[in-house]
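Labels for the chains are A, B, C and D, by order of writing; each one numbers its residues from 1.
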Amino acid sequence: MIRVTNEDFNINDLIRERKTSEMGAMVSFIGIVRDDGIERIELESHQEIAVEELEAIRDEAFAKFPIKTVDIIHRIGDLTIGDNIVLILVGAGHRREAFEGCEYIIERLKERVPIWKKEYTKDGERWVH
Amino acid sequence: MIRVTNEDFNINDLIRERKTSEMGAMVSFIGIVRDDGIERIELESHQEIAVEELEAIRDEAFAKFPIKTVDIIHRIGDLTIGDNIVLILVGAGHRREAFEGCEYIIERLKERVPIWKKEYTKDGERWVH
Amino acid sequence: MKITIKAFARFREIFGPEKTEEIAEGSTLAALLDSITAGNQTARTALFEDNGLLRGYVILMKNKKRVNREEIAEIILTDGDEIALYPPVAGG
Amino acid sequence: MKITIKAFARFREIFGPEKTEEIAEGSTLAALLDSITAGNQTARTALFEDNGLLRGYVILMKNKKRVNREEIAEIILTDGDEIALYPPVAGG
């Protein structure tokens, strides 16, 4: 599942849905709104392209690593400290490829998926680069 | 939390409990019983030493990486295909150290924590080495 | 001919989220960028260096495909094309 | 003196989970291992190579601390010591 959404995610449910008998390892990455002196953030995407780009990254991960499942959920909209931003869940037969696949996806996501973040502090606002 | 237990774990709850405002990344590893032609497995530990060794590995991870939280839950007892075996959850300010900490812990766990696994197949049983 | 311009994040605040620009048939992408920044110093500074080169971080999409920045002076637009303007991405 | 032996996994199946071995005062760890495998070929083969050396994968714990395998002939046991026998671990 690839999703760019206002909704939060439930990692338990997703793990349960994704498990298959050939899966020995699942690695998840969760990005969270960290308190860097901010009050809240706003996430904006070019929705359609963001989904396409995430699908392309997923397909690259499948081609590069012997992994079984990939899910990527990226939230947009108003978020506050402690809120989930992104979930990447990779299932594989063995741990190494699950870790490698998950790291590959988050690195590529940060490089090229059209999602932007604006931070609101008590002194004003700024786009994150 | 370091635990060697018969009980299953709930990753959602653990993530919620562990989040702090300084945390930007959480990486989890879940080991699962994979179908390698087996019917079930039995996990045995030297409970007291296993917990001590996991605590030592946690402390090493804290010393090596700038991470904020570490939880390790390893199950013992009878498990079947698809059951969770182990959960490692690492929280950090940034993604790199969360991934590195989590991988460090699972590698060390496999090397030296006194836990053993017996596989039951339709043809018999064998200790995993 | 009509070209749709979509802009996001910081560029959305400068150019507006979406507008239609009327330019001459056969115009290049470079000409379109000149056109939408003409007489607007903030817009011009957002996209271009002082020397007139496209800023290194600007990402251009033509009909949902990323454009090679070296080719903006050669890319001929056609009626109905959609150009998206991205500032540096910051997801995750 | 009395030494407690705990054995795990495959070694538990061979030696039993826990037993008390009565050996002479001042015995070494090597002597204890000889004693618990005496007359039991399965037990002996589990811990030792044909040439009498401790198998490379055997892990010995003395009072919950890992023993350096090079030193088993020098380690003098005392009454109440606990020795644990581990086959190769396989957690995770």
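Brief remarks on what is shown
Simple rule for what comes next: contacts are C-beta pairs under 8 Å (C-beta built on N, C-alpha and C of every residue); 3 or more make two chains touch, one makes a residue touch a chain.
Small disclaimer: the values here were computed from a predicted structure and weren't measured.
Among the other chains, C has the CA centre that is most remote from the centre of subunit B.
For this pair, subunit C with subunit D, the centres built from the Cα atoms lie 75 Å apart. Computed from the mean C-alpha positions, the centre of subunit B lies at a distance of 28 Å from the centre of subunit D.
Computed centre separation for the pair subunit A/subunit B is 22 angstrom, with centres defined by C-alpha atoms. Multi-chain contact residues, meaning those touching two or more other chains, occur in subunit B at positions 31, 95, 106. Residue positions of subunit D with contacts to 2 or more other chains are 92.
Contact between chains, using the touch rule, shows up for A-B, A-C, B-D. Interface residues of subunit B facing subunit A in the complex, by the touch rule stated above, are 10-12, 15, 19-35, 81-82, 93, 95, 98-99, 102-103, 106. On subunit D, the positions that touch subunit B within their shared complex are 6, 8-10, 12, 57, 59, 61, 64, 84, 86-92. Considering their complex, residues 31, 43-46, 48-50, 52, 74, 85-86, 106, 109-118, 127-129 of subunit B touch subunit D.
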